[in-house]
Amino acid sequence: MKLSIQINEGPYQHQAADSAYQFAKAALAKGHEIFRVFFYHDGVNNATRLAVPPQDDRNITQQWTDLQKEHDLDLVVCIAAAQRRGLMDEDEAKRQGKDANNIAEGFRISGLGQLIEAGIESDHLVTFGA
Amino acid sequence: MKLSIQINEGPYQHQAADSAYQFAKAALAKGHEIFRVFFYHDGVNNATRLAVPPQDDRNITQQWTDLQKEHDLDLVVCIAAAQRRGLMDEDEAKRQGKDANNIAEGFRISGLGQLIEAGIESDHLVTFGA
Amino acid sequence: MTTLHTVNKSPFSSSALDNCLGLAKNGSTVLLLEDGVYAATAGTKSAEAIANADGVSFAILGPDAQARGIEGKLADGIKVVDYDGFVDLVAEHDKVHAWL
Amino acid sequence: MTTLHTVNKSPFSSSALDNCLGLAKNGSTVLLLEDGVYAATAGTKSAEAIANADGVSFAILGPDAQARGIEGKLADGIKVVDYDGFVDLVAEHDKVHAWL
Amino acid sequence: MAKKFMYMNTKAPYGTIYALESLEVVLIGAAFEQDVSLAFIDDGVYQLTKGQNTDGIGMKNFSPTYSALGDYDVNKIYVEKESLEERGLTLDDLQHLTWEDEDEDWAEKDSIKLVSRAELADILDDQDVVLSF
Amino acid sequence: MAKKFMYMNTKAPYGTIYALESLEVVLIGAAFEQDVSLAFIDDGVYQLTKGQNTDGIGMKNFSPTYSALGDYDVNKIYVEKESLEERGLTLDDLQHLTWEDEDEDWAEKDSIKLVSRAELADILDDQDVVLSF
């Protein structure tokens, strides 16, 4: 089947981000297609490359980056939610006159239409949140 | 009285950050002393300088930065919580080998001991969270 | 000692108010704020629980009730305060207990 | 159409399971995950509500029950699945409804 | 073929951002010409209360946006009766949302339908995609 | 003079980070030589369950840390009886936490005290600072 995943909460604070990752990994291992992973609300915070979790803990952003590389996943960060919360890529930083950006490798920033499209194009949209 | 404030949730996602700000402003206007504002859990996300909220909405980080300037507030971001969530200042970025930092003016990063000290030194610790 | 309890969750979707009412002592005050203000809506179970909480005082943060359009629907006898009044309540009690 | 409902909140502190059980149709499945797994603990009101939900199937995410140390305390008759089983449940139903 | 999209709203406004960001999805989603419905249950019914005034809390009052939904052809708005009653509210406490029916000479019609839990269960059953907020 | 610090834990572990980050505060706070108590009510009682195994969810199992609290002189751990019973649990389902009493020749004593809601209300009343998690 063709799946899309929506993640509504940030890393570490809620298990939602972890559950989504475990689910995505299992779905891919079973040969299912993941059309898109859409990060919304505080979920956009999963896309920061500046996190330094304790060494004996998982690195949630890195897990997504690795999974993206392996399976060419489409990891989309909602731009409206990201702007509110301080997630940006290089282009957006330039446009907004910010002196830094913090998005991790493998994620791209785009609009809410990408979520609706995921709902239309996928057999199932699975949401993880709080 | 001498107050300290603990903020446990990020900006925009929960009202806690807003309530804390309104409370702090009112306390200062009444002549009370704020010993410290401690940002914990997702509360550390209030300290990002990369947020670009919609123009017709409040800028929560800027509100704190302005209040800090006006009243010389001690705005402390918990380092352990910040590391997990990708909040860092210039020194920490260097130490961790990161190519960017995102902390806003007026905030400083320090340890959990600062929260305990706030509890000891203040007449009241007021917590805002979810 | 006197305690100011703060509750910022709706009583319909969270256990925060129940926890608070179960452990608040006589002489303490409960301040309802944020989504906690819904608890004071007239004709609800939570408003009844509040009315039955003998010995505990209640206050509600007016700006939060107004934001939610329910300031005209509040049960009788609940004191409405603004952020200044919130600060005063903190000052008047020995400690603040946030029920998150 | 068949629906897979997911509930990730404790029934003791959140209304998510109540919302779900109130609106789940016969033939649908409820998957309890994250803090939602506590609902299946034997001897609780939520386990009783689950037992009384005629026509609705229940499954629980095993890894979440193990993490919380309650896999030995689960009520009888609830199917335990791993993440693979979660994926299969999604595939077997027409849609997924997350009760947040 | 258009899919049936249901936006399921369970949370109060302002306390958390879900209500506001749900509305943002609905407005963007309206351009995709799918079959859109909104449901309000549990604390979600509070999103529609009349007379919201956020001047005192420094947050943006987004409640006027609900009245614009009709212009976006979003006119199937289901409010669960049981949730409303439990909260001591009636339809009169909610905004009066309307839309104009092109097929009936732009007659103004109510967008909000008060439905029982059992009715809403049937409506939900019929959806293709549920977005939860 | 030492203040009475109460850590009030109301949330389940793993679903959210509050339990873990509460424990981090307790461990740091132990160095400040205040009078420290921990209370577990509502879903907070789940933090202390025996046999937690997080291998399947990819998260760190922090439950062994509770057994180290005694070494930090944190030995007043109150578990609310009503919360435990409502969840179908007994003390036997929780970790057996102990501390060694220096004043009684290092006798091993139980750290967990099962208290009724009324007893806990009195204990809370007596605190100077409440940290909520």
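Which chain is which? They are A, B, C, D, E and F, in the order written, and residues in each are numbered from 1.
Rule of thumb we're sticking to: a residue touches a chain if its C-beta (ideal position, glycine included) is under 8 Å from a C-beta of that chain, and two chains touch if they have at least 3 such contacts.
Keep in mind the model is a prediction, meaning the values are calculated, not measured.
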Contacting chain D as well as chain E are chains A, C
Distance-maximising chain from chain C - centres being C-alpha averages: A
The larger set of C-beta contacts, choosing between C-E and A-D, lies at C-E
Centre to centre, using CA atoms, which chain is the farthest one from chain F? E
Determine the centre-to-centre distance between chain C and chain F, using the mean Cα coordinates as centres, and give it in whole Å. 27
When the centre of a chain is set as the mean of its C-alpha atoms, what distance in Å lies between chain B and chain E? 35
Multi-chain contact residues (two or more partners), chain F: 10-11, 14-18, 42-43, 57, 59, 129-130, 132
Would you pick out the residues of chain C that each touch at least 2 other chains? 8-9, 12-13, 15, 34-35, 63, 82, 95-96, 98, 100
Quick check on chain B: which residues sit in contact with 2+ other chains? 12-13, 15, 19, 22, 41, 54, 57, 80, 125, 127, 129-130
Drawing the touching chains as a network, do you get a line, a ring, a star, a complete graph or other? other
Which pairs of chains touch each other? A-B, A-D, A-E, A-F, B-C, B-E, B-F, C-D, C-E, C-F, D-E, D-F
Where on chain D is chain F touching in the complex? 8-10, 12-13, 34-35, 38, 41-45, 47, 62-64, 66-70, 72-73, 82
Flag every residue of chain A that touches chain D in the complex, lowest number first. 1, 3, 8, 15-16, 19, 22-23, 25-27, 29-30, 32, 124-130
Per the touch rule, the chain D residues reaching chain E in their complex are 1, 3, 15-16, 19, 22-25, 94-100
Provide the residue numbers of chain C that touch chain B in the complex, in ascending order. 6, 8-9, 33-35, 63, 82-84, 86-88, 90-91, 95-96, 98, 100
So in the complex, the part of chain F that touches chain C is made up of which residues? 8, 10-11, 18, 41-43, 82, 117, 120-122, 124-130, 132-133
